Structures are given as C-alpha cells and as structure tokens.
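By written order: A, B and C. Residues from 1 in each chain.
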Amino acid sequence: MTTRPVRTAVAVAVLMLGAAACSSSGGGDPLAAKSPAAQGGSGKTVVVGSANFPENVLLASIYSQALQAKGVKVEEKFNIGSREVLYGQLQSGALTVLPEYNGALLGYLDAKSTATGKDAVNTELAATLPAGLGILNSAAAEDKDSLTVTQETADRLGVKSIADLVGKAQDLVIGGPPEFKSRREQQFKDAYGLTFKEWKPTADTTANALKDGTVQVGNVFTTDPKIVQLKLVSLNDPKNLFSSQNVTPLVNKAGLDATGTAALNAVSAKLDTAGLTALMKRVAVDKEDPSAVAKDWLKTNGLN
Amino acid sequence: MNWFGWLHDFFADPAHRSGPDSILDRVLEHLAFSAEALVLAALLAVPLGLLIGYTGRGLFLVTALTGIARALPTLGLVTLAVLLAGVGDTAVLLPLTALAAPPLLVATAEGIRGTDPDVRDAARGIGLTHPQTLFQVCLPAALPTLLAGARTAAVQVIATATVAAYVGLGGLGRYVIDGLATRDFPTTVGGALLVVLLAVAVQLLFALLIRYATPRGARTAHVDEPAGSPALSKESI
Amino acid sequence: MLDGEPLVRWHWLGDHLGYLAGLTGDHAVIALVPVLIGLLLAVPLGLACTRWPRLYQPLAAVFNVVYALPSLAVFVVLIPYTGLATRETVMVPLTFYALAVLLPTTVDGLRAVPEPVRQAATAMGYGPWHRLAAVELPAAVPYLIAGLRVAAVSSISLAAVGALIGRGGLGYLFVDGFQRTFPTPILAGIVLVALLALVCDLLLVAARRLLAPWATGVAR
C-alpha cells in the first residue's frame, strides 16, 4: 500500500506530460507575449517598465515622473525581468516605454552588427527595430558593460585590456548575469580569440564574486559603485566588443503621443554619465529610494 | 514548436550533456544541497524530537517553532544569507535547513509520543533504562512516522533548492532562472520537469524505506500518510 | 559582505511605513485570495471524492505532482496568458498549491463523521443535503481550518517568489535589498511576512473556536 500513491503519482506525471505535449497546438514561444493589452493612442495610460537592476529602475522612475509632470497618465512596472523578457512585452504593447542602452539593444537585435559609435548604433537600431517600436533621443549618459578584474588580478597577470587575456583566459572563470554567456561567448571567441575556463552566472553578485575569487573576470557595469568600493579595474576594450551604451528610451510608438515623446527627449538632453553615476551612488550606496532620487534630479533640471 | 520539441531541445543541447552546465552536474549539485540541508536538519530536529516525544515536555515548543519556521520566506532568508555570508553553500543551507527541520521535528516527536504506553511500561518493567526504552523500543516503532516526516522535508527541500539559482548558485534552478532571463523556454520547462522528476523519485525512495522500516505484521496498517496528503508546507521557487 | 552597510537602518524603516503597509496589503491579497478560492473549490471536489471514492486517488496524485512544480517555472508558463508582473500570474499557481493542501484535509474531514452518526441522521429523516449542511460540513470544520492554516501560511511565504517576475508584494523587498546590498528591507520583509502569517493563523484559530467550539485541541 505504501508505494501505491507514489506509483500513481509517477503515472500521472507521465500522463500530464503527454497531455501537455498533445495539447500544445503548436502555440509558439509562450514567453513571446500575446497580451492584447494597451494598443493605446494619446490619452491612454503609458506603461513604463524596467529591467531587474537598480539603475534601470532609477531611469524608469525618471521617465515615469517626467511623463507625469507633463500630465501623462503612467503605470509603473519596475524590476520585472531581463531585456529578453521585456522586449517581448514591449512588442505586444503590454509595456509602452523602457529605459534601454542603445548598444546592448542593438547587440540583442542583431548580434552581427559592428556599429560601435553612438550615431552609428542609433542609425542601425532605427533600421533594425520592427515597425511598431522606435527609439527616442539618446542621452549622453552611458553605462557600459565591461570586463572587470580585481586590482590584484590585474597586477598578477599584467593585464590592462581584454586583449591581454589571450593565453590566460583558459585558466580564468568568468562571471556575469545569467544571459551573459549566451550573448557573449561567441563574441569573445571571434573578437579576441578568448575561450574562458568556465562561465558562472553570478547575477547581481558579480563584483563580490570577483572580490572573493569565485570568478576571476566579471561583467560589471561601468557605473557600478562597487568598482570603486571593492577596488576593481575595468579592462579596456580595444575591439569595441562592448559598444556604445547611451541611455535611450525604447518605445512602443502607438502608446506614446507627442507630449510624452517631448518629455522623454527633454530627459535625455540633460542626463550625462557623471550625473547618472552620482544618482546611482545615492541609490546603491546611500540606499535612497530610486523614486526620490529621480524626483530630485527632475527638480534640479527643471523638468518637474 | 511544442512541449515535446522544447524538451527535445533541452535534452539534446550538447551543453546540457557534458561540462559544468550538464544535466548530470546540475542534478548532482541539486541533490548535494538538498542532502546537506536534510542531514543538518535531522541533526538538529531528531534529537530534540526524541527528547520532547519521550518526555512529553515542550510540545508547545514544537508547535511554536514549526509555526515560525513555516512562516519564514525562503527567498528572504537566501538573499539575507548571501548578503551576510557571501555566495556559497551556507547561504542556501541555512534557509533549506529551516525548511526541513519542522516536519522532521513534528514527525519525530509525534512518532515517539505515539508509541503504546503499555509497551513502554512493559519495557521499563523488564528493567530497561530510559535510554534503552527510547532507542530499543520507541524509536523502532516510531521509525515509519519519522521517515514520513523526512519524506515531506525532502520533497520540500528539493522543490525549494531551485531558489539557490537566484543568488548565483548551481542546481536545477539554474535552468529555470537562466531560461527565464534569456527567454529560453525549453530550458525553463526542462529544468522544472527535472525538479518534479527528482521530487517523485525521492518520494518513491522514501516509500520503499518506510515499507522496509515497518514491521511486517503492521504493514497493512496506516503507517503512511493518506494518498493525497502532500507536504505540509510548501515553498518552492 | 556588507561593505560597512549596517544590518538595519532604523530611519529607513521609519521613513517607509506607508510603503511597507502598502506592500503588506498587496501581499495579503496575492497570497490569501488564492487560499479562499482554493477552499471554494476544495469543498465540492472533496464532496465528489467522498461520493465517488475512486475519484480521490487519481486527483490526489495529480495534486501531488502539481505540488512539486517549482512555482517560478509555473509563473513563467503563465506569463503569456495572464501577463508579466500581474497579480493573476502569481495567484493562479498559488490557488493550485492551496487546493493541493485543502483537498486531502477536506476529504479527511468529510470522512470524519462516524457511520452510525450518519445513519442516525438519515434515520431522523435528514435528506442528503440537509445531512450535509447539518452534520457532515460542521464535522469537517476543524479539519478544514487545520488545512487552511497550513495553506495560508505556505501561500503567504510562497507569494514572495512572485517578486522574481515583478509582482510579489513583500517579496519586492528581498529583490530590492539583494540588488542594492541592503539588508534592511530584506529583514523588514521577513518580519512582515512572518507577522502576516501569524495574524492569519491566529484569526483561523479564533474562527475554529467560534465555529467548532467542541473541537479545541483536536486536529491541529
């Protein structure tokens, strides 16, 4: 008797799997959202989304409050996933605006693109994006991906740039967000001839993982306050593998009217890297709320 | 694309066949976390349960401790442990142990307390000391109940060990979390399926253990939980 | 690991009382509405299982498997149907988990009426519905409440995982605190989740005293 429920459970698991397989009706990728929501025009609520890291939440807060200051109705959906997830939501219209980084977005849409400068990247982006989506003006503010090592590792291996890792990478464990490997592994092979020993998904702990030696090379953003706090060194990138990363609003055009567009372009006109890093210090180090920091910045820049 | 297609993609992916992202390695990591947490929880809960069950004192403690432990959110404990202790096994062991200990504690105390008082008196009567009575008479009788508690704990821990992946550790949660992050549906579904299969396999293993631990004469009796009674609390990521 | 960050920034707590209250309310809705729906489904399903006992084993097995599904994976599968970062995406799986706990306890409860009592009720002229309302359901109340206590506490701690797809009530405090190396919100979240669970548990105990005063001490 004792094994009978378990045996039934096994049978049920197999049956459910079979049923799922039969009933899928070729439905396509379920992560490609089909949500019918918000094919909005003017006057509709603008849904501002953000990826799951604090700087993106801060930027989304700035966008959201800048829009509200101009009388646009806004719904906030912050900290909800990676680019791969959010992009599908934007295409479906479930999200209207996302703070993006132009180079990263282009790399996602077209991994073969070789554009690196801001204007080249934006021109290609505009051509690559599907008809319903568009980018607004880029800010001067840039938050670049970088390969980062500890000062100790840099001295020990004598490396200053990613190119210096040739002949050493096979002994090094590399860390980054979970999607880092699938995005970049081939590019490191092609651009620099680097094959790393192992790729570890270290998510938000990459900088700390570098410090404690779990990984020797990590993908850390250039505006990460931990680079200063933990004495890390970002390696130069002579081949521009990490391209220009200007903060740029990515929008579902049907959902945003001229007022909204103007409000977001006004933000981009004022936002620079030094300013963004200062705001990020307040959020990540001083633990102030992103929304409060965003409010201050808008006020300082006369956008509230 | 359909579910079979996704699962085929997942299992056919060469990266899932060998190397650090292989299914075998992920399963072993997952089992290692889970086993460590179970052993640790057993070391804490079983002696305490034996003591409380045998003396009948401190039963309120069992209720209070299990209630509190059950209410603690694993995601919160894991993130806190990572901030305090760094990315490492400790960060996962702590919350998983907190999850596994309550069912073990309850089952041990109940099992011991449930032994027939007459049998216990008889054991004392023929001159067995208290420890002898506990370990030679009560414990064997309580073993099936104790193992049922261990099964509950094991299933919960296996389902919850997925949480480790959120803070950058390994195990099958890696597939679920990475699949979500990269919009790679086959990987997410494949990972989830493996977790379920592992949980079912562990249930099967414990069902055999319980059967083995039950005296033959008592096998028809209800030593097992009712068929549908799932783990008493659930938290998996 | 904290790089000099204190374990608790007390002033942060003071400054965020309204924010924390809002998250707690959101959390309560996300976690507890599924338990209520689970109860509403468990009673008819449980009745069906007592009327047709052969139904029970396969149903129980289905829920045993459902119960082992990692919730995050289920959330992901639901996103296309219920939307990213919506309450529904988190609440649908929680309903199934609650049902998985409540169905067996409901069946146990409905079976708890001794056969002689049932026959006595029939002999007194009770029809099946009258007997259900007057005898069987009241007898099942202590069991139902025991199941509800487990389901509610589990649901409350499980709802936090929804934060990983953008809607997890108090779970947001864990994600936010983790991303910013900021233990204060994480601790606040743990305490508030535990408090919410405690309050629900006490309310359910009180409900049992009220609805089934004879059962105090039975069916923990």
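Following the convention adopted for this analysis, contacts are C-beta pairs under 8 Å (C-beta built on N, C-alpha and C of every residue); 3 or more make two chains touch, one makes a residue touch a chain.
All values reported here derive from a predicted model rather than from experimental measurement.
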item: Chain A to chain B, fewest steps along touching chains; value: 1
item: B-C compared against A-C, more contacting pairs; value: B-C
item: Of all other chains, the one whose Cα centre sits farthest from chain B; value: A
item: Averaged-CA centre spacing for the pair chain C and chain A, given as whole angstrom; value: 35
item: Separation of chain B from chain C, taking each centre as the mean of its C-alpha atoms, in whole Å; value: 20
item: Chain B residues counted as touching two or more neighbouring chains; value: 82, 86, 166-167, 177, 180, 185, 196, 200, 203, 227-228
item: Sites on chain C at which at least two other chains make contact; value: 1, 57, 60-61, 64-65, 76-77, 163, 165, 175, 178, 181-182
item: Interface hub residues of chain A, defined as touching at least two other chains; value: 4-5, 8-9, 13, 30-32, 81, 85, 204, 208
item: Residue ranges of chain C in contact with chain A within the complex; value: 1, 3, 5, 9, 12, 16, 57-58, 60-62, 64-65, 76-77, 79-80, 83-85, 163, 165-167, 172, 175-176, 178-182, 184
item: Parts of chain A lying in touch with chain C, wherever the complex brings them together; value: 4-5, 8-9, 11-13, 16, 30-35, 37, 49, 52-54, 77-81, 85, 89, 94, 204, 208, 226, 229-230, 283-284, 287, 289
item: Chain A residues touching chain B - in the complex, by the definition given at the top; value: 1-10, 13, 17, 20-21, 24-32, 81-82, 84-85, 88, 175, 177-179, 182, 198-205, 208-209, 212, 214
item: Chain C contact footprint on chain B (complex, rising order); value: 63, 67-68, 70-77, 79-80, 82-86, 155, 158-159, 162-163, 166-167, 173, 176-177, 179-180, 185, 188-189, 191-192, 195-196, 199-200, 203, 226-237
item: List of chain B residues in touch with chain A within their complex; value: 1-4, 20, 82, 86-87, 165-168, 174, 177-178, 180-185, 193, 196-197, 200, 203-204, 207-208, 210-211, 214, 219-220, 223-224, 227-228
